[in-house]
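A, B and C label the chains in the order they appear, each numbered from 1.
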Amino acid sequence: MKLRAILLTTAVLGWAVPALAEGDLFIYTWGEYTPPDLVTKFEKEFDVKVHIDTFDSMETMLAKLRSGAGGYDIVVAGDATVQVMIAEDMIEKIDVNAMPNYANVDDKWKDVYWDAGRSYSAPWAWGSTALIVDTAQVTGDINTLDVLFNPAENVKGKINMLRDVNDVINMAQRYLGVPRCNESPEDMKKVLELLQTQKEWVKSYNSEFKEPMVSGEAIVSMGWNGYSMRAREEKPTLAYVYPKEGYTGWMDNLTVPKGAPDLDNAKAFVNFMMAPENAAMVSNYARYSNGIKGSEAFMDAGLSDAPELTPPADAPAPEFIPTCSPESVKLYDRVWTKLLN
Amino acid sequence: MSNARLKDLRAFTGFGSVAAGCVIFLYAPILFLTVYSFNDGRSVSQWSGASLRWYAKVLHNSDIQAAAVNSLIIATVAATVATVLALGAALAMTNNRFRGEEAAYATITLPLMVPEIVTAVASLVFFVSVGFSLGFTTILLAHIVFCIPFAYLPIRARLEGMDATLRSAAADLYASRRQAFTKITLPLLVPGLVSGWLLAFIISLDDFIISSMVAGPGSTTLPMHIYGMLRLGITPEVNAISSLMLIGSTLLVIVAGVLNRGGKTT
Amino acid sequence: MTDRALPLSSRWSERAVTAGLLWPSLAVITVFMVIPVAIMAVYSFLEPATYGGVVWKFSTAGYEQILFERDFLDDSLVFSADYLLILWRSVAQAAIATLLCLIISVPTAYYIATRSDRAKTIWIYLITIPYWVNLLIRTIALLFILRDDGPINDVLMAAGLVSAPLSLSYNSFAIGLGLVYSFLPFMVLPLYSAFERFDFKLLEAAYDLYASRRIAFFRIVLPVMRPGLVAGGLLVFIPAIGSFLAPDILGGGKTLMIGNLIGTQFQGARNWPFGAALSMILMTLTLIVLIWMARRAARTKFNG
C-alpha cells in the first residue's frame, strides 16, 4: 500500500512540476494586480510565457527572497521595501535609467528616496493612504484628522482603522505633530495615549475597509485611494479625503531579484511597462495611478480625474516614508502591542 | 424486541436537535456565500442583482483554476500518505508499552504544537539550506508532516476503544498476524481511517501560511491565491470558486456513495 | 501489551514489528519538523538582523523580552505582563472554545452513531463538506451574518423580538462562535470514530437495571467516548491557541492573540529571535500538558 502511495506521488509530481521552456517570465506580485490582457500582450510581443505568483505581504516576499529561494524574474515591491532590498543587495542593478522607455517616466518619480536615479527599479503603480468618510453622516470640516482622533458624537463607535502598525502610528504622529520614524520614547508615549483614547471609539482595526464603509458599520475610516474608489462606486456618499495634517504616499516598483533566471525577459518587461499605453492598463485594472507621462490618454474616462487619483489643489503633498531604524521599529511594535492588549 | 423500541432506547432527547442545529450552523455561512457568488456587483455583502459573471470569470481564469487543482491534488496526496503513516504509528503505539513511547508520542503530535508561522519560516530555512529547491514537492512534504497528527489522533481513538480480546481470539483460531490484521482489525478501523483522512484533507486544503513560505515559482495553492486578493479587495469570484469546490465535493461524495452500494455494509 | 505467554522469539519480532510500523512516520516528522524546529530553537538565542532574519551572535534578549521590557524613560529592566496577558488570553479563549465544541459535538457524534450505516456516512461527509471552502471566506461570511445589519438581526427585528440590533459581532461572543466554527469537525469526527463501535446492548442492560437516562449517559456512554474526547480535545485546543483568523475578523482586530504576536515578529516587527522564543515557550507548555495528560490516561487505564 505504501509503494502505491510512493508511485502515485511520483507520477503526480512529474505531471504537476511546470515544464521550464525557453522564454519564461516569473513574476512575484500582489494578487489581482496584473491585468490579464497586459500579460497576453507581453506574451505575444516577446514570445514569452508569463507565470504570476502572489504574496500576501512584503514580509513574506522578503523572507523568501532573503532565504535564497530564487526562481523569480520580476518582484513588485513597495518603496520602503525596495530601499531594504538595495541595502541588502537583493536586487540586480538593471540600469532602468538607460532603458529606451525611461524618458516616459514622470520627472517627479525619477529621483526617489529609495532609488535615486533609478538604477534598480521602475514605477508600477502608486497611491495614497488617507481617509474615507461618509459625507452623508459626517458634517463639518472633514479635511482634518480631527474626524479620527477628536470625532463628533455620531462618529464615535463607527471608526475603522487599518490593521497596520505603521499606517496607524503615522496618522497619530501627524495629528500630534511629531516626526515619522520616531525614536523618542516620550513622543511615542504620547502616541500610545492618543491611540488608547481613540480605541474606545474604534469599531475595528480592519484593512478590508470597503465592506464596513459600504454597509454603514463605519462612517470614517483610514483607507487606500484605489480601494476607496471602488467603495465610492458602491456608495456614492463616500468621499476620499486628504487631511491637512498630511497623509502617506506609497509606490510599488518593478525590481529584478539577484539571480533571476530570465534576466533578459525581465529587463524587456521593465522597459515594456514604462510605455504609457501599458502603464495605463495597470491603472485601469487596479484603479491606481501609474508613474508614466502620457498614460492619461489611454486610461478609462474619468479615471485620471477622479478625486482619489488627483488630489484637490489645496491638499498637501503625499508623504513617502522610508524604512525606519530598528530602534524605531521596536518602539512602534511595543506601542502596537500595548494598544491591542 | 422491535426496531422501534430499540431506537427509542438508544436515543437521548434533544440530541437530534443539536445535531441538526450543528448542520444548520455549519451551512448558514455557506449558503450566504453561495448566494453572493451570483451577485452582480463587486461586493460580497451588498446585493445588486443576480448575474453569472463571476462564474464566467472563474472559467476564464486559468490561474485560479490551476491553484484550485493544485490544492486538491496536494490535499488528496498529503492526506493519503499521512493516513498511511499515521495508521502504522497508531498500531504501534496503542495498547503497547515500550521504551521511548512518550518521546514517540511527543514527536507524532509535534506538528500540532508548533505555531504555523514558525513551521513556515523554519521549513523555508531548512529546505533552502539543504539545497532542496522550492516547489510542488516542498509544499507536499510540509503538508504531509502537519497532516500526520490530524490523521493519527482519530485512528488512535478508534483503536483504543477496540476490544483487545478480538485479537487474541484471532490468535486462538491460528489466524496469522496478517490475516488478523486485514480481516479483523482493518475493517473495524475504517471509521477511524475515514475520520483521519477527512481531517487531514480539510486541514491541508485550508493551509495558507506554510504553503506560501515553502512554495516555489509556479506552484500556487488556492488559499495563497485568495489571500493574495486581499489587498485589492475580495470579489465574488472567490465565492464562485468556493461554490464550485462545494459542488465538486458533493459530487464526489455521491459518486463514492454509489460505488459503495455495490460493496458490503460494515 | 506484550503477551507473556508468547515465546521469546515472538516477543522480539513483536518489537521489530512495532518499530517497523512506527519509524516511517517518526522519520518523516524528525527530518521535516524536528530539525526545522531545532533551527528555530537556535534562532531564539540569536540577535535580530536589521531588516528581518538573524545575526549569528548569542543573545538571550528574545527570552528576556517575554517577561521584561526596558522602561520607556530610564532604560531599566521592568517586569511587563503584556505578553503573558496575551498568552493567557489565547489559552483561555481556546479552552472556552474547546468546551463549547465538546458540548455541541458529544450529542452530535452520538446521534450520528445511532443512524443507519448509510446515513452515518452521509452525516460525516455533511459535517466536513463546508470545510472545503477556505476558512477566511467562511469566517468573513459568518461575520456578515452576525453583524448589525445582517440577516440574523434583520429577522429578529422584523419579527419584533428586539427593538435594536443585537451586538453579535466584533466581540468575544463572535470570536468564540468563530473558533467553534473553525474547529467543529475536529471534535465531532474523533468522537464519532471512538464511539461508533459502541454496543448498545450495554445501554439496554443499564436500563433493565433501572438506571436513569442521565446515569446511563454519564456512566456508560461517556467513558466509551473518552478516547475520542481526548483526541478531539487536543485537535481543537492546541490549534485554537494559535488561531488568529477568528479574533481578527470577528473580533474586529481589537485584541492581539499569541498567534498574531508570533506572526508579527516574523513580519513587520522583524524580530525573529523573539518570535522563536515565544514559540519555544508556547510549545514547551503545550508539551508539558500533553505528557501530563498522557500519563494520567495511562494511569487510569491500568487502574481500571
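We adopt the following convention: contacts are C-beta pairs under 8 Å (C-beta built on N, C-alpha and C of every residue); 3 or more make two chains touch, one makes a residue touch a chain.
Since we're looking at a predicted model, the values are computed, not measured.
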Topology of the chain contact graph, where touching chains are joined (line, ring, star, complete, other): complete
Pair of chains joined by more contacts [C-beta pairs], A-B or A-C: A-B
Chain located farthest away, centre of subunit C as origin (C-alpha): A
Distance between chain centroids, defined by C-alpha means - subunit B, subunit C (Å): 15
Subunit A and subunit B: spacing of chain centres that average the CA atoms, whole Å: 35
Two or more partner chains touched - positions in subunit A: 2, 60, 63, 211, 215
Shared-contact residues (touching 2 or more other chains) in subunit C: 24, 144, 266
Multi-chain contact sites of subunit B, meaning residues that touch two or more partners: 44-45, 121, 125, 208, 227, 234
Subunit A partner contacts - residues on subunit C that touch it in the complex: 24, 48, 50-53, 69, 72-73, 82-83, 85-86, 144, 147-149, 170, 248-249, 252-256, 261, 264, 266-271
Interfacial residue positions of subunit B with respect to subunit C in the complex: 6-7, 9-16, 18-19, 21-23, 25-30, 32-33, 44-45, 85-86, 88-89, 91-93, 95-98, 102, 104-119, 121-123, 125-126, 141-142, 144-146, 148-150, 152-158, 160-162, 164, 168, 177, 188, 191-192, 194-196, 198-199, 201-202, 205-206, 208-209, 222-223, 226-227, 234, 238-239, 242, 245-246, 248-250, 253, 257, 260, 265-266
Interface residues, subunit A side, partner subunit C - complex: 2, 57, 59-60, 62-63, 66, 84, 87-88, 163-166, 185-186, 188-189, 199, 202-206, 211, 215-217, 323, 326, 329-330, 333-334, 336-338, 340-341
Complex interface listing, subunit A residues touching subunit B: 1-2, 5, 8-9, 12-13, 16-18, 26, 28, 30-33, 36, 51-56, 60, 63-64, 67-69, 71-72, 207-208, 210-211, 214-215, 226-227, 230, 233-234, 286
Subunit B-touching residues of subunit C, taken from the complex the two chains share: 1-3, 15, 17-22, 24-26, 28-30, 32-37, 39-40, 104-105, 107-108, 110-112, 114, 117-118, 121-138, 140-142, 144-145, 151, 181, 184-186, 188-197, 200, 203-204, 207, 213, 217, 224, 227-228, 230-232, 234-235, 238-239, 242, 258-259, 262-263, 266, 272, 275-276, 279, 282-283, 286-287, 290-291, 294
